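Quick heads-up: structures coming right below.
You will see chain A twice below: alongside chain B first, and alongside chain C after that.
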Partner chain A sequence: MENIEKQVREYAKKLLADGTVDVVVGYEGGTLPFQTTPCFITDPDDAKRLVWNRFCSVNLAKYVHDIIFGHKESQKRAKPEDRTKKKVGVIARGCTTRSLTIHLQEKQYDRDQVVIIGVPCAGFVANKKMSVAVDGKEVIACSVVGDSLSVQTKDGGKDVPLKEVLADNCLTCRFNNPIISDVMIGEAAPPMPDVEKEYEEVEAFEALPVDERWAYFTKEMGKCMRCYACRNTCPSCYCKVCFIEQNQPKWVGVGIDETDTQVFQFMRMFHMVGRCVDCGSCLEVCPMGVDLRKFLKKLDKDDFQLFDHRAGEAMESAPTLSVHSEDDKEAFIFEP
Partner chain B sequence: MEKRVIKKDALAGIIKKMAESTLVYAPVREEDNLLFKVLEKGMEPLLDFDNAKNAPKNFFFPQTEVMMRYMRTERGKELSTGEGEIQEAVLFGVRPCDARSFVLLDNLFNDPKYKDPYYIKRREKTTIVSLACVHPPYTTCFCTSVDGHPLSSEGADVCLIDLGDTYLAECVTPKGEDLLKKMGDLPKADQALEAKKQELSDAAEKEVNGAVPAHAIKAWLDENFENPFWDTIHKSCLACGTCTYLCPTCHCFDITDEVKKEDGRRIRSWDSCMSWLFTVETSGHNPRTSQKERWRQRAMHKFKYFVDNFDAIACVGCGRCVMYCPVNIDIRKIVTDISKL
Partner chain C sequence: MTEKANENWEPKIIAFVCNWCTYAGADLAGISRLQYPPNVRLVRLPCSGRVNPFYIVKALQEGMDGVLVSGCHPGECHYISGNLSARRKFAMLKNFLSYVGMEPDRVIFTWVSASEGEKFSQVMKGVTDKVKALGPAEKLVKKL
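Right, the complex of A and B next:
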């Protein structure tokens, strides 16, 4: 991993120095031991700030979209001939490239506006799982040593097997290597351990009686405080104005009424059909630990099993909701 | 000031008994979250805990609150008050930083000129029992940099200090004295306990990890509304409401009308300067065009505007925004960076 980090820095520096890109989006070290923070390098000499480790969690595709769109907005008043294109370099693992693919499929920007620095990925450490592993104590220091995570709290040190603290979406990830890239750094990563168990959790949930499923849904949504961190970190949530903030007409109340929260969450989820790459960003950023994945994964499973599609798996695999064919399955509409 | 002693193993029982007849808010564990909640039957109040994830401001300044209701009838409009009667309540287990947040919020909601009846009524009817930080719970704590102290009783009606086998209960206000009377016949504290408290207080102060130059940046903020520094904070910001919603002192709100056929209600709900919607005008124009301006507002509001208005920094150093920011934007670092400019 250190080696990949080194190469990433070198490559980013080169891209910036020769003017191939205006900015490189990556991760840098944070102020807390288990945190990295997205960073935006414009000066080649700053490329040494870039890190690549097990704490790089947030999906950076969101920022690529934001930067390109922000630039587009700023160009609106320029004469057409004076308009420039922003070129963004991005450190991208499998899920990030799937999100970029979705952006490209949905014509958000052109392929030549993004330079994808592909990195192999072996999964990131989920903050919440790490916190549970140390009984909610504050993590004072932590580091990855081989296959385990060494965590320090004020009660002492503890070694936790890495597999126990890797994000659930990483453990079952089938796309831990980039789908598309302009350069690939390092060797391809080996498959993740639980790929075949991808839908196990969803299947177990599906098997529950409907009232139990509803009870779980209402319990989980009851935790939500509507900070919208999930939506804001999601690369597929790029609407200029989200339905939740529209007020002509107003779709959802602004308060914390139980039903309003539920409507926000399931409406957002429905917008994710065939567009959720299971990157785990929404779970990782949620301050209240809402289990969104249970429901998003169900949509992912339906997308795959009914429409033979996986979000962002390939440029030529058109998004489910963007195509229609006569033999599309529809039984689920009548017999949910 | 009355001082009493409460046996450590008796406290949980006292609180639970109190909850049978009074509304009690206390920190409880809910799955993996530690939260301030209404203590209901069968719930266990936490005594040995770090701090709750949510700030207790919610009990005085709810995330959503009905201010009034209106109904259109044949005779015209009928108005009624929002919620029912506001009950007497006890807020238990507040950390000194959070207790201090109420003093700060009082400045705003109970200003001599502008009184907020919703907040004031709840505040008057609630007795606050704080639990001093004999050991400051987090490395991200920085209360001492923003005029707080881990053993301070500011903002509390009763302050409990863990002395090992017992709690020293200090009454700070008459409201606190009334509450202690209700707890039964508690023995008076002697001089020796007072000395022990002082010892703990000194040790706890040294344990607070961070020193943030919060006061030192005011002069810079006064002069630098426009400065390239403001370009350096916001880029990674997700514009979510985590920092503002978990913050004990953030108090911006929005007022909306929700109408269903003939019935309407006017609700006040938390707003967040991190949201693009924060200052959008009816015309569609937004004076804060990007996250940069929104972040400047957050920093300025806490360390300049509030100081200008009320002579106090609007931050209590609880560290929640530091711990829970999804992308690790750290207010301690921002303040420190500004102090070096």
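Right, the complex of A and C next:
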């Protein structure tokens, strides 16, 4: 992993130095020992700030879209012939490249505007799972040793097996290596252990009685305080005006009514049909620990089982709701 | 709550129907003097593809006991493929709604063509019976 980090820095430096890209989006060390934060490198000498480790969590595709669109917006008043295109380099693992694929399929920007530095991924450490593993104690230092995570808290050290703290979406990840990349750094990572158990959780939930499911849904959505962090971090949520802020028509009330929260979460999740890449960013940033994945994974499962499609799996695989076929399954249609 | 105790409770159902098939089917049912329950309020839209899933969820939130969406049969859409793309949306929506715990029969999708006046009245009866069996909607309903 250190080797990959070194190569990433070198490559990012080279891209910036020869002017191939205007900015490289990557991760840098955060303020806490087990944290990384997205960073935007524009000076080749700053490339040494980049890191690549088990704590790189959020999906960087969001920032690629933000940078390109922010730039586009700033060019609105320029003469058409004077307009420039922003070129972005991005350090991308499997899920990030899937999100980039979705952006490209949805024609958000051109392929030549993004230089994808592909890195193999073996999963990231979920901060919520780690807090549980150390009983909520403050972590002073943290490092990965082989297959375990050695954590230092105020009360002493502890070794936690990595499998216990890796994010759920990583354990069942099918695409941990980049789908598309301009350059691939390091060897392809081995497949994740629980790929075949991908839908186990969803199937277990489906088997519950309807009222229990509703109780769980309302309980989870009851936690939501509508900070919209999930939307802000989601690479597939890039509308200029989100339905939450729309007021003509006003789709969702802004008060504390619980059904408004339920409708907001339900519709935001529904917008992820065929577009959720299960990168776990929303779970990672959620301050209230809402179990969004249980619901988002269902959309992924239906998408695969009904339409044989997985979000962002390949450039040729069209998004579910943008295509249709005469022979789509229609068992749900009511016939009197 | 008080409504539930009432034995004469009648469900409120909203139907989003397409202009070219189901609405004409409703017309035919009327011309043919077919009887069907008056619980359904029709909303005419250009095409079933025009139905935003939000309409359905909002209707439930605003207190409708049932939602029906009906359009042309697949392959007979006035706009060639509006109902085909709608079908994909609805398949996902129906599954997702029942997954989060909504009764599956609250939201119903069907196809009724312009010549199927008889089927239209059958659908109205069927939907009303299904929703009546479920009782008044309580999930997702905004209480003012």
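Throughout what follows, the second predicted complex is superposed on the first by the 331 of 336 C-alpha atoms of A that agree within 3 Å, B and C clash if a C-alpha of one lies under 4 Å from a C-alpha of the other, contacts with A are read in each partner's own complex, and residues count from 1 in each chain.
Convention: a contact is a pair of C-beta atoms (placed from the backbone, for glycine too) under 8 Å apart; a residue touches a chain by one contact, two chains touch by 3 or more.
Quantities reported herein were computed from a predicted structural model and do not represent experimental measurements.
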State whether chain B and chain C clash or fit side by side on chain A once the two structures are superposed. fit
Give one of first, second, both or neither to describe whether A:261 is in contact with chain B, with chain C, with both, or with none. neither
With the two structures laid over each other on chain A, which partner does A:35 touch: chain B (first), chain C (second), both, or neither? first
With the two complexes superposed on chain A, say which partner A:245 touches: chain B (first), chain C (second), both, or neither. first
Using the touch definition from the top, say if A:172 reaches chain B (first), chain C (second), both or neither. neither
Taking C-alpha centres, what angle do chain B and chain C open up at chain A, rounded to the nearest 10 degrees? 90
Taking the superposition as given, does A:96 touch the first partner, chain B, the second, chain C, both, or neither? neither
Pick one for A:132: touches chain B only (first), chain C only (second), both, or neither. first
Classify the contacts of A:59 with the two partner chains as first (chain B alone), second (chain C alone), both, or neither. neither
For chain B against chain C after superposition, the smallest C-alpha distance in Å amounts to 8
Identify the residues of chain A that lie in both the chain B contact region and the chain C contact region. 253, 257
Help me check something: in the complex, which residues belonging to chain A touch chain B? 30-32, 35-40, 58, 62-63, 70, 128, 131-132, 136-138, 140, 223, 225-229, 232-233, 245, 253-257, 284-289
What residues on chain C touch chain A, complex-wise? 53-54, 57-58, 61, 74-75, 81, 84-85, 87-96, 98-103, 108-111, 119, 122-123, 125-127, 139-143
So in the complex, which bits of chain B are touching chain A? 31-34, 50, 53-54, 63-64, 137-140, 235-236, 238-242, 245-246, 254, 256, 258, 267, 269, 272, 275, 277, 290, 322-324, 326-330, 332-333
Contact set on chain A toward chain C in their complex: 205-206, 210-218, 243, 251, 253, 257, 259-260, 262-263, 266-267, 269-270, 273, 295, 298-299, 302-303, 306-307, 320-321, 324-326, 328-330, 332-336
